[in-house]
Amino acid sequence: MTAQGTLEHLDRDRLAAIRTLADFEVLSRQFLSHSAYEYLEGGAGSGLTAMRNRASFDQISLMPRFLVDVSRLDTSMTLLGRRHDFPVLLAPTGYHKLMHPDGELATVCGAQMSGATLVAACFATVPYEDMRAASTQPLWFQLYIQEDREFTKELVERVVEAGVEAICVCVDVPVNGPRDRELRAGFRLPDGVFRSNLIGLGEDLAGGAHRPSGRNIYSATHAANVTWKDIEWLRALTPKPLLLKGILHPHDAALAVALGCDGVIVSNHGGRSLDTVVPTMRALPGVLDRIGGRVPVLVDGGVRRGVDIFKALARGATAVLVGRPYLHGLAVGGGQGVARVVEILRTELEMTMGLIGCRSVAEISRRFLVQ
Amino acid sequence: MTAQGTLEHLDRDRLAAIRTLADFEVLSRQFLSHSAYEYLEGGAGSGLTAMRNRASFDQISLMPRFLVDVSRLDTSMTLLGRRHDFPVLLAPTGYHKLMHPDGELATVCGAQMSGATLVAACFATVPYEDMRAASTQPLWFQLYIQEDREFTKELVERVVEAGVEAICVCVDVPVNGPRDRELRAGFRLPDGVFRSNLIGLGEDLAGGAHRPSGRNIYSATHAANVTWKDIEWLRALTPKPLLLKGILHPHDAALAVALGCDGVIVSNHGGRSLDTVVPTMRALPGVLDRIGGRVPVLVDGGVRRGVDIFKALARGATAVLVGRPYLHGLAVGGGQGVARVVEILRTELEMTMGLIGCRSVAEISRRFLVQ
Amino acid sequence: MTAQGTLEHLDRDRLAAIRTLADFEVLSRQFLSHSAYEYLEGGAGSGLTAMRNRASFDQISLMPRFLVDVSRLDTSMTLLGRRHDFPVLLAPTGYHKLMHPDGELATVCGAQMSGATLVAACFATVPYEDMRAASTQPLWFQLYIQEDREFTKELVERVVEAGVEAICVCVDVPVNGPRDRELRAGFRLPDGVFRSNLIGLGEDLAGGAHRPSGRNIYSATHAANVTWKDIEWLRALTPKPLLLKGILHPHDAALAVALGCDGVIVSNHGGRSLDTVVPTMRALPGVLDRIGGRVPVLVDGGVRRGVDIFKALARGATAVLVGRPYLHGLAVGGGQGVARVVEILRTELEMTMGLIGCRSVAEISRRFLVQ
Amino acid sequence: MTAQGTLEHLDRDRLAAIRTLADFEVLSRQFLSHSAYEYLEGGAGSGLTAMRNRASFDQISLMPRFLVDVSRLDTSMTLLGRRHDFPVLLAPTGYHKLMHPDGELATVCGAQMSGATLVAACFATVPYEDMRAASTQPLWFQLYIQEDREFTKELVERVVEAGVEAICVCVDVPVNGPRDRELRAGFRLPDGVFRSNLIGLGEDLAGGAHRPSGRNIYSATHAANVTWKDIEWLRALTPKPLLLKGILHPHDAALAVALGCDGVIVSNHGGRSLDTVVPTMRALPGVLDRIGGRVPVLVDGGVRRGVDIFKALARGATAVLVGRPYLHGLAVGGGQGVARVVEILRTELEMTMGLIGCRSVAEISRRFLVQ
C-alpha cells in the first residue's frame, strides 16, 4: 500500500516532456497502489464538491486586452512580508511516503528547486524538524489541534523552535467525513508509515488505522471539541503568523480577523470533507467582502491550470494553494516531479498574463473577467 | 419472480463492510429476479421525476461553520409526541416477499434492530397483525382507501386494534401510472405472494395480476373515487394520528390540516406515479409556507445520503422517509441489511452535522444552506 | 428502399404487449430500410430542434391535486364543430409506402380503428380520393401550394369534392432544408413509389428524385414564391375550414386570422426544416396570446407521451398532432400498429388526468403546471 | 509530419457527395499525419473556448416568418467598398503544406473557384507574392508584427506592392499559449516546410521548431512588445485598408477605430490562444455597441453551418471568417475541397434565408432571433 516501487520514477528529461497537470494525474496512477490512488483522488461522497471546485474555475470567462507590451512579466507577490516569485503555495497534504519512498523529504526538495513555499502537513510521515533541516526555504506548518491540548502546545513550540514561517490551523475536519472511494478501497496506513509529528501522543496514534471502524465518526487525531477559544489560546501562544484554513463562511472569516489571525485560507479540503459543500471560488467573494483587505485571503481547491491562478487572483485572492497536483508530481518523479508541476503552473500563469495583457500580479483584477 | 434464492444473504460482518447506500443498490441486483428488480427500481415513464428527486438534493450547496464543539451530537427529534433517535422513517413499500423470503417480517426485525420506525404497507405480503406482533417498536400503517369502504373501515379497525401508532393515507395513486420498466419486464405477483391485508376483498384481489391489462387504467386495489369526504369520514373513524402521504400542492396541504390531519408527507411516490411531476424538495417550501408549523411535514423521494436528510431538515421538514434504500438492504441481507442501511444513513447524518458545525437537530436550519 | 418486407408485421396480440412509443421507435428500425429509417428519423442539421422539441416537454414540471374523484374521465374535445374522442390528430407525413406496402391505406385503416383524425399528406403515395374512400371517418388534407397555381386549384377542388373536412396549408418549407441524415443516406424515392396527388404536374414530378442535386435549394414540389396573397386566394376558393401549419411567429398567426383562416398549427415540421428554429412549446405562448382564442391553436413536435398532450393543452393548445410515432406503428404493425400507438397515447393521457386530478379536457389548465 | 500522401485526394464527384462540414472534418483525419491533425484540431488548454464558440451559435434560437416570396435570394454584401457574393471569408491559417502538398497554392485556387476572399497567412508556407500571382481574385494578408520592425515594414511593403486588398493585423497572440494537443503530439514543422514570408528574418526562423522549449513563453515570430503605438506606425505606413483581428474588448475596438483602422475582427483565434476566453458571439454585441457602425465588424470562431453565418449577421456582423473547415476541405480534396466547403456554407446560408423568410443579407436582422 506504499508506493509500488515497480516503476522507476521519471528523470528530468522525461518530466520536461510532460506538459500539463492532467497528464501528471493520469500518469500517477501507474506509480501508486490502488488504495493510495483512491485515497489521493477521492473526494467526499460522490465527489460533487471536488468536481464543482474545478467547474467553478472553468465557468469564469476571460476578457483579454491586447496591444500591451508583455515582453516582461512579473509574477511575484508579497505575502506576510516576504516576496514570493509566484502566487502558488503547496498545500498541506498527508502521508507523502504513500506517494514516494522518501516522502516529505522529496517534497521539500522539489519545493526548494521550484521556489515554492510548502505547508508541511500535521500528518506528515517525516517529522517537521527533518523537513525543516532539508531545505533553506521558508516552511509553513499545518496544525490540527489535538484532543490533548498540552501535546498541541508542545507541537507548536517544536515547529516554532525549528523555525516555522507561519502556522495554518486546519479547522474544517472536526469529525471524519464520508470518503467513499477511500472507504471502498479499504485504505489504511501501511506498516512503517507513521504520522511522525504525532509520536508521543501514544503509540496507537503513530501508525495503524487511518480511521476508526463502525459508526464512530470521531477520530483520534482530529479533535471534535475545538472552538474559537482554542484559536485565542493559540494566538497567545506564539507571535508567528497564524492562518485559519478551511474558512468558508464570511462570519467565520471576520471572527478569525477579530482574534488576530494573519490570514485565512478559503478551502473545502479539496472536496474531501463534506460533499456538496460550497465550491471555494463561490465562497471567496463573501469572505473577501467581509475581510475588506485587513488580512490576505488565500484559496485552494481545483487549481489545475495557470489560468485558474489568474482567475483566483482576479477575484481578489492573494495566492492559491495546490494539493493533489504536486502529489501526482511526487508520485511520478519525486522532488523533480514536484518541481516540474510547479514549473508548469508558473509557465501557464505567465502565458495567461501575456495573452490577457497583464504585466504583473498587481495588475490582475476583475476587469479581465466577463461579468 | 420471487427473490432468487441462489445467493446467500450477506452476514453481519460483510454488511458492515458496505459503506454507502449506492453500494447496496448495485449489490441488490444480484439478489433479485429481473422483474422484481425492475419493479423496485423503475419510476414512471422515463424516470425523470425519480432522477430529479435526487438532483434536487445534490443541487443544494452547504455553507458550514467551524470551531463549534461537535464532540456531542444529538440526532433525536420528536414526532407526534414520541422521541425518535434520528429523523428517518422507513416508507411504506409493497411486496417485501419479492425481496426476501421472510418478507415484511425481516423488515420489521431490521427496523427494530436499528431503532427506525416502519410504516407498514397496505400491500404488504404479511398481515399487519403479524408484523405488529414481531416487534416491540411502534409501527405505522399505510392505507389505500378501497372501493369497498366497509372493508376499508374494517381494515382501519384491525390495525387500530393491533396497536397502530399512526395511519398514513396514500392519496397519490388513484389510477395506475405508466411504469415503463415494470411493464416491459412483464411484472406480476408470483404464486404464493399475496396482498395479505386485502384478503377478504375477494380472492381475485389477494394474488395474481398486479394490474389489469389493456387500456383500463383503473386498479382493483386503488379506488379512483376517493375524495376529501373520505378523509373526513376516516378522521371521524379513529382518534389515531392521521397523515396524508403524497401531498404536493400547498392547497391540498391546507385542506389536510383543516380536516384535522396530524401531518402531511410531501411525496411523489418516489417518482413512480406520474413522470415529470414536481420533485419533492421543490414542492416542500410551498407546503411548509402554507402549513405554517401547525402540523409536522415529512418528505421522501431521493434520500440516499446523510447529507440529504440534513438538507431536508434545513429546508423545514421534521423528518424524511426512505423507501428503495432499505429494500436494497432487505434484498442483500434481510433484517440485518435493513439495519445496516439505516446505520449508514444515521452515521452520515452525524458526519454531516459534525462537519457543518451543528450539534442537534434543533440547530439544523436554513443558515447552513447557500441561498 | 421500400419497407423491407423481410419481417412479418406484428399481429394484434404482440402489438398489445408494446407499452410505449419509445419501444415502437426502437422496433421500427428492424422493419425499415436504412434510407427510409434515416428519412423518417432525421431532423434538419444536427437535430437540435428535434431534440429541443422533446426537451421542452420534459422540462415542464407538473403539480397534481389529489382526492378528486377521477373514476370517470372524459378526454373528448370539440374542434371545428366536431367532437373528437381525444385531442390527438395524426399529422400529415409523406411516403407511407416506404413504411408499409399498403401505404396510406393502412394508415387510414388504423386511424379509423382508433378513432383518430388523419391529415392526409400532399405527398401521399396513395391518391387522396382512395384514402377518402377507404374510411368512413373525417379526413383532412395537407396542401403544399404548387408553383402551378392552376394545378393547385384543381387539387383543392378534388379534395373538396372527395369530401375533405379541413385543409391544412403547410407554409414552412418554401425551400429544401439541410436534412443531414437523409442526405448522407442518399435517400430517394424507390421505383414504384409516387407522389400520387401530384400526377398531372408532369411525369418527372410523380416519382424519381426527392430533391434536386447540387447547390439548388429549390424543389419542384415546394413553391418558393407563396405569399399571403396566395392564402387570400385559397380562402376565396373554398368555404372548407382552412388552417395554416408551420406558424411560429405571433404576427404570422395574427395575419392568418385576419385573412379568415380557421385555425393555426404551431409547428416546426418536427425539426426537419431549419435547425435551431424555436421549439414549438416555446413558440406556443406567443401565438396563443396574439390569437386570443379567436381560432383554435394546435401544436406538434415531440409529443411522445400522454403527459406531453396534457402539457400542450395546459399551455392552451386545443389539440396536438403526432407524426413520427404513428409511422413507427405503421412500420411495425400496419394499420393495427397505428391504432396501437394512438391507444397508448390515449391511455397515457387518461393516466395523466387521473394522477393529476383532472376529470375532463375542459379542466386541463395552467394551474397544474409548476410556474 | 507533412500530409501523408498515402490517400488520393477526392475528386470533384466524390467531393460533391459530401454534404456537411462535419463530414469533411471526420474525413480529414485520414488525410493528415497525427501531429498535423492535432495541430489543426487542437485548441488552447482543454478546448473549452473552442467548444463554447460552437455552443454559442447553437444556443441561439431562430424565429422564422413564412409566406414571403423567397424564389430569389441575394447573399451578396459589400465590404471595404467591394461586393462579395456571400458574407464568408477564409481566415488566415498557417502551414497549408501540412494539409496538402501544394499548400497555399491549392487554397488560393479553391478560393478562386468558389469566389471566396482568402486572407493569406503571415505563416504561409508559400510566399505571399506566389499566392497573389496564382489568382485573379483579391487577396488579403494577415500580419504578425515582428520583433524586427524594419523587417515588418518591408513585409508590409512587399504585400502592398504585390497588390494586397487589405491587411489584418493579428493582435491576440503576443506569447505562446498552452496548446495541449499540439504539445502532446510533439508538433514541429517538418523538413522542407518553411514560414516563407519570414525568410530574411534569419535562417533559424524560416524553418525548424514551431515554438521554443522549456519555460520560455516567448516566440521568435510573435513579438511580445507590440502596442497601440505600432498600430499608429502601421497606419501611417500604408493607405491600404487595415483591420485588427483578435479584438474582444469594446475598448480595444474603440481604440482601433480612433487610430483609423478600417475594421475589426472579433476573434479568439479559434479558441487556440487562451482557454476560457470569452466566446466570440458573446463578445460581439459589446464591440458592435461601442463601434456604432463606424467600421465593419467581422467575427470568426465556430462557424460550421450556414445557419451560423445567418446568426452572426443577425447579431450585427458584416461577415464571418472560417478557418479549420476549409483546411479540412484542403486536406481531403485540395483546391476543389476548399471550394466544396465554401459551396456547402453558401448553399446552407441560402437554405436558411429561404426557410426563415429573408430575401437578402440586408434583411437579416435581430427580428429573426428569439430574444
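In order of appearance the chains are A, B, C and D, and numbering begins at 1 in each one.
The rule we apply is simple: contacts are C-beta pairs under 8 Å (C-beta built on N, C-alpha and C of every residue); 3 or more make two chains touch, one makes a residue touch a chain.
Everything numeric here is computed off the predicted structure, so don't read it as measured data.
Looking at subunit A and subunit C, the chains that touch each of them are B, D.
These two copies of the sequence, subunit A and subunit D, are related by a rotation of 90 degrees on CA atoms, to the nearest 5.
Although subunit C and subunit D carry the same sequence, what matters here is overlap: shared residue numbers make up under half of all numbers found at their interface.
As a whole-number value, the distance joining the C-alpha centres of subunit A and subunit B reads 43 Å. With each centre defined as the average position of its C-alpha atoms, the distance from subunit B to subunit D rounds to 60 Å. Residue numbers of subunit A whose C-beta contacts span two or more other chains: none are found.
Within the complex, the subunit D residues that touch subunit A are 45-46, 48, 171-178, 180, 183-184, 213-215, 217-218, 223-228, 230-231, 246-249, 251-252, 255, 273-279, 282-283.
Across the interface of their complex, subunit B is touched by residues 16, 19-20, 22-23, 58, 60-71, 73, 305-307, 343, 346-348, 350-352, 354-357, 370 of subunit C.
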